[in-house]
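For reference, chains read A, B, C and D in written order, and residue numbers begin at 1 within each chain.
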Amino acid sequence: MSAPVRIQEADFSQDEEIAALKAGSKRMGGIATFLGCARDFSEGRDVHEISFEAYGSMALAEMNKLRNEAIEKFSLLDARIVHRVTTVRAGDNIVFIAAAAEHRAAAFDGCRWMIDELKQRVPIWKKEITPQGESWVTPHP
Amino acid sequence: MSAPVRIQEADFSQDEEIAALKAGSKRMGGIATFLGCARDFSEGRDVHEISFEAYGSMALAEMNKLRNEAIEKFSLLDARIVHRVTTVRAGDNIVFIAAAAEHRAAAFDGCRWMIDELKQRVPIWKKEITPQGESWVTPHP
Amino acid sequence: MIKVLFFGPIADRVESREMQLEFTPGMTLHDVVSHLGMQYPGAFGLVSFIAVNQTQVHDKQTLLHDGDEIAFMAKFSGG
Amino acid sequence: MIKVLFFGPIADRVESREMQLEFTPGMTLHDVVSHLGMQYPGAFGLVSFIAVNQTQVHDKQTLLHDGDEIAFMAKFSGG
């Protein structure tokens, strides 16, 4: 079975991720997931491709810490985080986060917390390739 | 392609639902989903099976209304609601809800609103089959 | 005729999922509720929602029409 | 030796992803920052986070050790 936290070039299957998540417990009542995708349009410009770069060893360590913290903080039964680092086109998958809990409130809260924290804490950068050229994305404060 | 709102006996595939959701737009930046599953334990008792019953025509109409309201209320790009009506065992899928938006906040808010409303408004009932016998589930106020 | 539907715990107590009532002009939802409520008091104690033709109705004075479908429903527990 | 890593927009401005600096005993993070910051002021204006051995460090007086890995990072934009 694949690791619950991964950085990879390849796309992922939600069915496989959910099956792996569910394998650990039959006490899960709710699984909340977040799937981040590449948009064809950002800040008023067409976007052809998005290219990702990561500080791999640190990013993976942070993502593992983040998962452990979420499990503890929201009493999750399990959680998974997968981030692609490659060049994607509009509509392609970028990041997948899943949080499983006995009840839905904790699953939603845990899932949302993980994607919010990931954006703050995990050393990954994206560059948008537009008809006007390439530019690194500067996150809003 | 399958309808975005369905009541069915059969299990569903998240990959298929997400693919159908994404087919409509390349402007989706975030897709939040909720998967409700059967737990093996509820209110202090083991649960062997859960059996669902629906007022089918009204349930489907309410679920469609709910989807339309969510799309409007949260400016979603698309949404899907699938509920199984059959007898399931611990770990099995019961309900799937997906909300796609340009940004993640609307996707999360819309998804959570739909499952909360579904539980309030859609005429479906569940019966838990435990070693001590069967009983209809009475929702908490 | 008026078609009456019962679901879940209510169907269990009525020991029936469906019945037909004779339609009479001027008949209201209240007439049906009081008629069936007397026959099945245990079941009607569980009724939280009533729908006429798949739409929730709160006003018991609602006039019925021949062919209407009335559903008596306990609190929902899907999802 | 100290291994220095640059990523994303910072790597673009430094025009390099990695360099090695001679280690000298007593060397602090501040020494590295001021040395490289003078050489690549445009790049260092983008630095929001610094990590030593994959852990964020806020104190520039942090003593370095031979073999340490320092990363200069712009604001993250993953997810």
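Odds and ends about this structure:
Heads up, the rule we're going with is that a contact is a pair of C-beta atoms (placed from the backbone, for glycine too) under 8 Å apart; a residue touches a chain by one contact, two chains touch by 3 or more.
Computed from a predicted model, the values in this text were never measured in an experiment.
Counted as hops between touching chains, the shortest connection from chain A to chain C is 2. Taking the mean Cα position of each chain as its centre, D sits at the greatest distance from chain B.
Mean C-alpha position of chain A lies 22 Å from that of chain B. Chain B and chain D have CA centres that are 48 Å apart.
In terms of their C-alpha centroids, the spacing between chain C and chain D amounts to 73 Å. Mean C-alpha positions place chain A and chain D at a centre distance of 26 Å. Residue positions 36, 115 of chain B are each in touch with at least two other chains. Listed by chain label, the pairs that touch are A-B, A-D, B-C.
The residues of chain B lying in touch with chain A in their complex are 13-15, 18, 22, 26-37, 39-41, 90-91, 102, 104, 107-108, 111-112, 115. Touching chain D in their complex are the following residues of chain A: 36, 52-55, 57-59, 61, 83, 94-95, 115, 118-127, 136-139. Chain D meets chain A in the complex at residues 5, 7-9, 11-12, 49, 51, 54-55, 71, 73-79.
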